[in-house]
Amino acid sequence: MTIEPAQEGSGRVEDRADGDGAAMNRFKDAEHLFRVALVFAAGALAFVVVRAILVPKSFGEYGHYRGTAIAEIAAQPVVFAGHESCETCHPEVPAVKNKGKHAKVNCEACHGALAKHAEDPGTVEPAKLETAVLCVKCHSKNGAKPEGFPQVDAKEHSAGLACDTCHKPHSPVIGAGGKP
Amino acid sequence: MNMSRRQVLLLLPAAAVAWESILAGTPEASPNYKLTEHWWGMLVDISKCIGCGNCVRACATENNVPEGYFRTWVERYHVSDFNQAEPVVDSPDGGKEGFPPMLEEGGKNFFVPKMCNHCADSPCTQVCPVGATFISPDGVVLVDKQYCIGCRYCIQACPYGCRFLNPKTETAEKCTLCYHRITKGLTTACCEACPTGARQLADLKNPSDPIHEFLRTHAVQVLKPHMATGAKLYYNGLDGSVR
Amino acid sequence: MPVQGYMYPNEVELAWSILIVLYPFLTGLVAGAFILASLERVFRVEAVKPTYRLALLTALAFLLVAPLPLQLHLGHPERSFEMYLTPHRSSAMAMFGFVYLWYLMAVLVLEIWLDYRRDIVRLSQSAKGIPRLIYRALTLGSTNISENALRIDERASYIITVIGIPSAFLLHGYVGFIFGSVKANPWWSSPTMPVVFLFSAMVSGIAAVLLLYMFTSRVRGQAVDMNCVDTIARYLFYAFLIDFGLEMLDLVHRIYEADESFRSLDFMVHTRLYLSQVVIQIYIGTLVPIGLLALTQLLRLAEKVRKRIYAVAGALTLVGIFAMRWNVVIGGQLFSKSFLGYTTYKVGFITREGLLTASVLTLLPFPILWALVKLLPPWAEHEFMPEAGAAPAQGGD
């Protein structure tokens, strides 16, 4: 390619030309701008295509998010079985517990998460509970607890003895009766 | 004894089916759940909280919450009657292992359980640049961890400090209101573990939910009402010094 | 004492690191440099002409680096394209990708291309080897540099600059809005934030171009065009006064209103933020350079003295603006949203968001600028055919 553009440098004559010729020349002089526009248009087109391919199918099903995310989050496994489930297999415990002061305390508040056990009680055995540790989590004395809540200073109250030497965990008031 | 208990369950086929679907952990297994029939919230009764930390532990266990971060936590307030505006607050390890005895004498002392407010007009979902966090049609603010880019704008936008970046997944994380449980008819892990009923899951669309009776008869409050976030975590007995 | 008082437990660790400090700093330089460049074109300030092309290339170099700290900071950088796929209309951040792309492609690249087209075409014929191929590609296959074509370019480039000024305002005002619109954070939440960001951007961009111009002149063994430098310094002075005025307005407003957050923020400014905010940002980074620049405006100083003062004032300005970004981004996370406690920010060194990364990212624009300058020389004497107008006047600087 020769140094064509320099030759075109004397564009004045074309400028004065009128009609089709002038329009044609003006187009020629602006041609590079159309080329840029073409590059931009190609970019925009590529963007639209890529976007159509990549946006997840369920996006926008309910709102500005992936609709399937809801089901994915709901599919997380359950770890705490819930007291209703315990009670179907261990009916003797609520029979006692529901008459005592721990009636509203759910099984897993003390026994911990046991969905695995509820699913397969034969192989997954619940851990033995250490009452000296367990009971004070709720009953240790603390100035910020509601006044009416029964609290003890464990050192004074039990002198290191496990709480279930005197209290029955499922029916804690002494002398309230009940087997477990 | 072993088998006899199993048989009890087998004798209750309906219960067995329900339980199996719960364990299967598949949303199709809870076919009766309709997104449009619920609008979830929660009620916290300050006067009942004993600060035992059961909810914090239960939440961490149920949801595999990384150490040092909290989807729910419990704060202890000490408000001097001479200086209402400057309470002394602590929350050792989010209250996970309960609280040591009070250091301050006198004043007003109480526990405040905190968690995501599942705001109807939540600032966190507003700022998410890509639509990775959203409020579900049943009123729960959720994070899509397959889609989150980890920019942390939502963490900045939450007035309540309820969000964090999970260091393992590098995505924003928060309370899901145990979405995997409530869609199967269970209550949340924190409510299940709460010994005093200080937390109550509430379905605001269900007319027979006791929440309606409660809201009618009590002076309830939300946190930072001036933020106008449409918070659905209702507090009964909330002191003005709490923020 | 990492935590003092009470923080919500999830607040103890800062969500946004030093990389997020860099991002508004870098985009600020871009916007400021561009606005300076457009002065020449739109408002016909002939005096700043020697810096026109340099300012454009500086803006481009910094703009290319600006998104990198953001990318590195993301938990999942590989998903960042989602911002283009599904931008969330209600999010202040979602538009970032589009604003950035618009500014980069539709304004800066296009303007530079139009301005350099004649040089590109010439170089595509005179250069050899790989550069030749690059120039060839840059011509987009059109070698038409007739007078008419150049006149069309001139007009198109003018239009782009006119569009570019509000775009530059948008680019940086928008960054301010990302912070200013967070209602949960009283340190950020303020309608003046975008305006303050904008003016501080202009200040930093002008200072950066001033320094770069003086530095490159020295490296090239050329005399500094004093008229040009004096004019730029004057703009710097005025922009700085407005910027400082706005920041003081915000401060006075906060102190007078003294809302619920005031005590907490006030305490923070007097303790954890004292060094970076009061000492570095306000005293060293604002009052000293404003004072120095005021001297050059009030007194008739010798050229040599003026040059030294400009260099010192420019450097301090950059330090001050960086400190301002730091205080906004990091300061906004040091206090608890409960207003009851304070945390500390620990910068790692060789971590993903550490000091090393930040330093590399800060320096990265310079090699890019060097490459750009090599590729597209901004100096007048490299022009093949000096224009009949302003160019020869600058030839001697």
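As written, the chains take the letters A, B and C, and residue 1 is the first residue of each chain.
The definition used in the following text is that a contact is a pair of C-beta atoms (placed from the backbone, for glycine too) under 8 Å apart; a residue touches a chain by one contact, two chains touch by 3 or more.
Fair warning: this is a prediction, and the values are worked out from it, not measured in the lab.
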- Based on which chains are in contact, what kind of graph results: line, ring, star, complete or other? complete
- Busiest interface, judged by C-beta pairs in contact, is A-B
- Message: Just to be sure I understand: the centre of a chain is the mean of its C-alpha atoms, right? Then which chain's centre is nearest the mean of all of them?
- Response: A
- Message: Distance between chain A and chain B based on Cα centroids, please, to the nearest Å.
- Response: 12
- Per the C-alpha means, the centres of chain B and chain C lie apart by a whole-Å value of 43
- With chain centres defined as C-alpha means, what is the inter-centre distance between chain A and chain C in Å? 38
- Task: Could you check chain A for residues that touch two or more other chains and list them?
- Result: 59, 64
- For chain C, residue numbers touching 2 or more other chains are 85-86, 88
- Query: Can you list the chain B residues in contact with two or more other chains?
  - Reply: 131-132, 147
- Given the complex with chain A, which residues does chain C contribute to the contact? 81, 84-86, 88-89, 105-106, 110, 113, 117, 121, 125, 139-149, 152, 156
- For the complex, which residues does chain B have touching chain C? 68-70, 73, 75, 86-91, 93-94, 114, 123, 126-132, 147-153, 155-165, 169-172, 227, 243
- Message: Which stretch or stretches of chain A touch chain C in the complex?
- Response: 1, 3-6, 8-12, 14-15, 25-26, 28-33, 35-36, 39-40, 43, 47, 51, 54-55, 59, 64
- Item | chain A-touching residues of chain B, taken from the complex the two chains share | 2, 5-6, 8-9, 12, 15, 19, 22-23, 25-27, 30, 35, 47-54, 58, 61-63, 76-78, 97-99, 101-102, 109-111, 131-137, 142, 144, 146-147, 176, 179-181, 183-184, 186-187, 189, 192-197
- Item | Residue numbers on chain A that touch chain B, as the complex places them | 56, 59, 62-66, 69-80, 82-83, 85, 88-91, 104-106, 108-109, 112-113, 115, 118-119, 121-122, 137-138, 140-146, 149
